[in-house]
Amino acid sequence: MSGVGEMNEILLRPKVEFDVPVEAEVISPDLFAEKSHEEIGSLPVFLGNRKMCLKDLFEIEGQSSTNIVLEGDFSRVKKIGYGMSRGKIHIKGNVGMHTGATMKGGEIIVEGDAMDWLGAEMNGGLIWVKGSVGHFAGASYWGSKHGMNRGMILIEGNTGNEVGKKMRRGTIAIKGKTGDFLGVGMIGGTILAFSETGERPGAEMKRGSIVLFLENCTNPPPLLPTFTYNCTYSPTFLRVYLKTLRKLGFPVKEEYISGKYRRYNGDIVELGKGEILIYEP
Amino acid sequence: METISATCPFCGCLCDDIQIVVENGKVLEVKNGCSISKTLFTHHDPDDLVPQIEGKKASLEEALDRAASIIRQARFPLVFGLSMTSCEAQRKAVELAEFIGGNIDSTSTFCHGPTTLAMQSVGEPTCTLGEIKNRADLVVFWGCNPVEAHPRHIARYSVSPKGLFNPAGRRGRTVVTVDVRATPTARVSDIFLQIQPHKDYEVFEVLRALLKGKDLRIDSVGGIPLDALKDLVNKMKSCKFGIILFGMGLTMTRGRHLNIEAAISLVRDLNQFTKFLIIPMRGHYNVTGADAVLTWQTGYPYALNFSRGYPQYNPGEFTTVDLLRRKEVDAALILASDPMASLPRQASSYLEEIPFVVLDCRKSYSASFATVFIPVAASGVSISGTAYRMDGVPVLLKKVLDSPHPTDEQVLDGILKRLRQR
Amino acid sequence: MKSWKFLLITGRSLKQGQAAEQGKFSPEYINETTTVEIGKEDAEKLGLSDGMEVKLKNTCGEGIFHVRISQGLPSGILFIPYGPSANLLIPAETGGTGMPGCKGIDVELLKER
Amino acid sequence: MRIMWINGVEIEDTFAEAFKMYAARIIVTAVNRQWALEAATKLSGFATSIIACGCEAGIEAEISPEETPDGRPGVSVLLFTMGKKGMEEQLLNRIGQTVMTCPTTACFNGVTSQEKVKVGGKLRYFGDGFQISKLLGERRFWRIPVMEGEFLVEDYFGIQPAVGGGNFLILGETPEQTLKAAERAAEASRSVKGVVLPFPGGIVRSGSKAGSRYKFLRASTNTAFCPTIREQVKSELPPGVNCVLEIVIDGLDEEVIRQSMKRGIEAACIEGIKRISAGNYGGKLGPFHFYLHELFKQ
Amino acid sequence: MIRITKGKVYDPINGINGKELDIWVDGGKIVQVGDAPDLVAERIIDAEGCIVMPGGIDIHSHIAGGKVNLGRKLRPEDHRKDVVPRTETTRSGVGHSIPSTFVTGYRYAQMGYTMVMEAAMPPLTAKHTHEELHDIPIIDKGSYTLMGNNHFILKFIEKGEIEKVKSFISWLLKTTKGYTIKIVNPCGVESWKWGKNVENIDQQAADYAVTPRQLISILSQIADELGLPHSIHLHCNNIGVPGNYETTVESMKATGTNRVHVTHAQFNSYGGKGWADIHSKAREVVEYVNEHPNVTFDAGQIVFGDTTTMTADGPWQYRLYLLSGNKWVNADVEMETSAGIVPYTFRKKSLVNAVQWAIGLELMLLAEDPWRAFMTTDHPNGGPFTFYPQIIKLLMSRAAREEMIAQLPRRALERISLPQITREYSLYEIAIITRAAPSKLLGLHQKGHLGVGADADIAIYRENPDVEKVFSSVQYLLKDGEVVVENGIVLKSTSGRILYVDPGEEGDIEEYIREEFEKFYTVTLDGYGVPENYLERGECVSCG
């Protein structure tokens, strides 16, 4: 992780507290690369319905970099890193909706919280949120056939509902609590949820894996009746996933790696080839 | 004294067989209408309404000027309501929202918005209400209570009428109600399945699994014995024409759009066995029209934003309750709805912090808090036009009584004209 | 003051629909939208009868309602017709869907003396 | 002609001639070291010479749990073939028959390369429709249900150009001394990462030459180095040599072969060894020529 | 007065093939063609290096109404990738496969089209169709009224009361402000109301002793008797089903010598017993057309890519849902018709799709008489109308076709005859199939040509070696004599006409059906139709 003041990075700070939403998909390494300070400052953003320049809303330091640092409250700034394919955005604060949605590559690190649609329909890259996130992280947008298609989303805090909705590939790991309908309609991919989860995880999933560790969870929600228990075992693939997370620096307890898991398959109203693995302490 | 044909502008049934006896601008009698319809036409008394600015009487011109100035200054305004007015006014509202680069949302937001979301995920096998009348031998009311919310639905469309291929009427149909409480609708049904709150999703899943011939190791779900559900599935599979009619009992409970998705998926799957369709029971008389007009003009039915000059759609982001709860909008224009009465207080209280304009044909809660209130003539009472029934059938609204007030369309046009001159 | 936990359902009632047409400030409308229905069994257990005032409260807010005993309600569930009063108790969180959860809300019922 | 001696052993001024091959690295993990080795041994079994085994293979190293993808003890096996197609066939058959069948194992690719062959992606059909695909980053794995649980195998295995047939010959006075030298040589040669010695114990006694008097044979015994017929042929054996053993080395590139040959030769130069030589075909067959003297320059 | 000068004029109705001629426009009409020393123009449009044609006419497109709108509502994911911001002169919206109304008008106009016929209007929701048509700017419009599964028509035929059928049709056209009789999967859609279908044209409907053959025969007869400007517009039974070409040929035969237009014939020209051996029967279908002057057809060409299929053919759409697994909308309309919607992606790699693609082109290229063959994609079923320029290019260039054929699965080649077809359309022929013939087919005298007295709907395209570029965007479009598009940019959002017919032979049928109507419909008879005030610029086209 890079700190402020490092060579060759671009630093943005909001000039004011935004009272209406800002749309700023131009805050993206793809667009900041090979642009002068002046050119970056002239990129278009929307403050509500007013089209403005980036420099009207933000203090900008630096130029021509794929390494972007955001300082301050960006919780009303939407679409940061939308569709980005490379480079890095480090957000030292909270961030608004659609952060990293449809991104194809690169890295986004959020020190604070992120709002809904984080990494929605993403196609690659890494998003790491230290705080909590809203609904629909890694999900499909309304009407779409599938959500996240590749890449990785790591969340240390809690999440809202329908995380990983209709995801097809990729990995989502959540340290904190997750909301209802985790991995609803999943087509593939892997979700690892370390704490408590809301109701109906895996509903309507066709394929894919949801792993529940239910840490500190005294009263886990019952699975849907359309999931059926198969066996208790130690899935090797899970060891690979957990080791990979650890290598990246995401906290994973040793006992999970060698642990046993109850395997349920479902959702039998759909294809039924999905699975929920529940850690057995 | 004359008798005028009318269409009742109350609920999504849009009964167009109302006969109103009028004398000297007073309604003497409402024939064919339900009790609400009768009240609606007889209690219509627009004369005591005047335009107001900050609670003080103003001229229409002053009110329009002030409304335009509020909207002109706004950077993230909201146009909300739309469901109790004609399509003609709705068109104008879209034009206004687009022109000002605002958000526009209808009351679908808190009635059948989730139904739209489900439809966008899995589709919707549906039909017009006449198909039920003419063919249905199995009618399932799920989380809806037409006896109180759509008072003539049962008599006119779904249960009692004798149809082309169902000459026996009520006797030719099995009626099932699934609800948390034994509503009056449940009491007129052949079968009532009392479901625990928030358990609709599980029950649909079990029905779908049973339909697929899966064995389930449970005795009951959501408070309903498995045997009762097996029986229901058998009835569904073996009927000639089945219909599910559903309401807020599905859209507003935990699971929301996913409850509907499960219901639609069940109905869709049933078509491998027989004919089975589903219709949402839309509440306000022209909320379906709001969906339709917005969709044909913009591609999307509600929860729209025009900040960037083109429509963006995202329920959860541009829906009224969320915009208000997150305190994002900086002005609002409300027509044909009363959010101060109908939205959660946690959300609607924010309206008191921003300037907002209300157009209404009667005194509403929102009107009394509005920065600018402009009384308008009531569509379907004092203005003709088009409205869409819950099943998407367009119905003519008729003028019955005169009104001293302008129409929604005229007021919106007045505001738009002022915004254009600058 | 003693309190009991209930799940609150809000919804349409015929009277509410009719009364709204009589006017949002009509006594009929105000009366109907400040009514809370409770099942017979629960009412007996709590010693409530028609017309008695109770307070309902949750994390969203609170309001005073008068009791109407209803045949159709199962134990543990209350019903209030849609309206400004019911809306005091409805959370504005929409789960990212735009739709607040207007049915099956956790409330506490407190008996007014 | 220059003469070179190591520890009193003559190093002949000749070269080992080696061929282009393709290599794959297979990481086999299991619940413990024993089971990983068990599978790896079977996987690399009967794979001494491309001539009749279809591939050449051997165990490269044991891998600690920290270094394996699944955190369990592992063994890496290098497998060499002449072509891509042969590699696909060999990996499919061998992993299918020796790793999948072995309790607790999983099987990972150990080569990052553009070129690759499908393995898990074909083995998956054994799952009869119940196999599950997992994509982690750019790597895809297949989970194949088996009676014991699940067999995890990587979708594709990378293959890279490699070198096969690095070698040297140990010419000794007695069979005892020669075998001892060869054993030492094999151990030293093997200690280089990226090589395997495909023959039993890393040693081959039946070195061959190209061609034969029989039309149907492509190779036959290396007559020039066979002591028992020394006088019947044009022999390469100096006087006093009664036994010759060969060390054959396959490696991922020239450099590792060089290292391996060097270490092996050094270890082989013990008492009772007369000379170190190498096998070649006059430079006509293989593009890689490892001159023995050059190994020890610089 | 506007003078268009120095352009190469293609006007097949008047036999003009690329000649440089001045065209003089005034009061929305063409007032003079050629030199006119006496006339003074206020504006001269220099069309040097341009092609001048009458405005394009699309005879079959799904642009408005309940089903189209459900399609829009169904597919936010389709809209998101094609957004259209508002400008000073135009409204905003979305495009791709089901464009919003305003965008529909703009995009047709930008391609040089000035008239489009909505291909399927259910009577019960005709008001909806007209409300949307009202919001489609610039172009003239009309709608075909769905009748092939109407209760009254089936009942009257069953009872042999053919005169009543005729009166009813006359009444229904007037009441719905429709343009002609649309028939979709006759009797099959009625059966679909019970989840069934008919499998051939001699199988009776589920609830009526009437066969598709009878219905097609009687309705084609009535269309001629009523003198409707356009013939019956027939979507045959068994659409999309391998082996269906026989049904198509039988359906054409059923009309005898009465006029019949077979729509989106591509979807109805398949051989084979199933998907495994599907192959082209375009030749067999076209042969019948070539030999029978009473028959016309349009292609229903498919375009590779994502689109939204929507027809009034409920059972077919359900079948397509089962095949694709995509989301499915069904919308049955009481007493009359049905509709279905399924998103679908045509893939080059798909054998079936490749065969379908070839069949559409084969039909167009094998048809001997360009006056009876029409270019359509059955928008949006085969693909969005915005792909017309690509199809024109394929018709005009064998090389372009070969380039595409090279990308198809090789197994497809033995199932089609397209690779062997050498014909290339000329610009003149393109002007026939997209302008002159459509106006003739619709019975319009003031459209589709540039003669004196014609409506001044004129498309001026800049010449370019790449024909696709030529037809993608007009240099100028004149609608009713006004320049509404210049250099591809919409300058003015005008309102087009709504064309409809009133054959005037309804007699007292309205009163005759009143009781039954009100018993089985859920709306009053008086509230059923489309009042005049829905038609901002209504124009009744005369019959007979």
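For the reader, a short list of remarks on this structure follows.
Labels A, B, C, D and E are assigned to the chains in the order they are written; within every chain, residues are numbered from 1.
Quick note on the criterion: a contact is a pair of C-beta atoms (placed from the backbone, for glycine too) under 8 Å apart; a residue touches a chain by one contact, two chains touch by 3 or more.
These numbers come from a predicted model, not from an experiment.
Hopping across touching chains, the smallest step count from subunit C to subunit D is 2.
Shared contact partners of subunit A and subunit C, listed by label: B. Under the touch definition stated at the top, subunit A and subunit B share these contacting partners: C, E.
Of all chains shown, A has the CA centroid lying nearest to the centroid of every protein CA atom. Of all chains, D has its CA centroid at the greatest distance from the CA centroid of subunit C.
Two chain pairs, B-E and A-D, are compared here, and B-E has more C-beta pairs in contact (counted per touch definition above). Note on chain placement: the centre of subunit A and the centre of subunit D lie 46 Å apart, centres being C-alpha means.
Remark: subunit B and subunit D have CA centroids separated by 76 Å (rounded to whole angstrom). Separating the centre of subunit B from that of subunit C, both taken as means of CA atoms, is a distance of 22 Å.
Computed centre separation for the pair subunit A/subunit E is 46 angstrom, with centres defined by C-alpha atoms.
Contact of a single residue of subunit E with at least two other chains is seen at positions 74-76, 80. Shown for subunit B are the residues in touch with two or more other chains, namely 117, 120-121, 254, 306, 308, 313, 315-316. Multi-chain contact residues of subunit C (touching two or more other chains) are listed as 95-96.
Applying the touch definition to all chain combinations yields A-B, A-C, A-D, A-E, B-C, B-E.
Remark: subunit A residues 116, 134-136, 160-162, 179-180 touch subunit C in the complex. Against subunit B, in their complex, subunit C makes its touches with residues 7, 9, 11-14, 17-18, 21-25, 60-61, 70-74, 77, 79, 82-84, 87-88, 90-104.
Of all residues in subunit A, those touching subunit E in their complex are 141-145. Note for the complex: subunit B touches subunit C at residues 10-11, 35-36, 39-40, 43, 105, 109-110, 113-114, 117, 145, 147-149, 151, 180-184, 186-187, 194, 197-198, 248-249, 251-254, 256-257, 283, 302-303, 315-316, 319-322, 324-325, 338, 340-348, 362-365.
Listed in rising order, the residues of subunit B touching subunit E in the complex are 5, 7, 16-17, 87, 91, 95, 98-99, 116, 119-131, 133-135, 156-157, 162-165, 240-241, 268, 271, 274-275, 277, 291-293, 295-301, 306, 308-313, 386, 388, 392-396.
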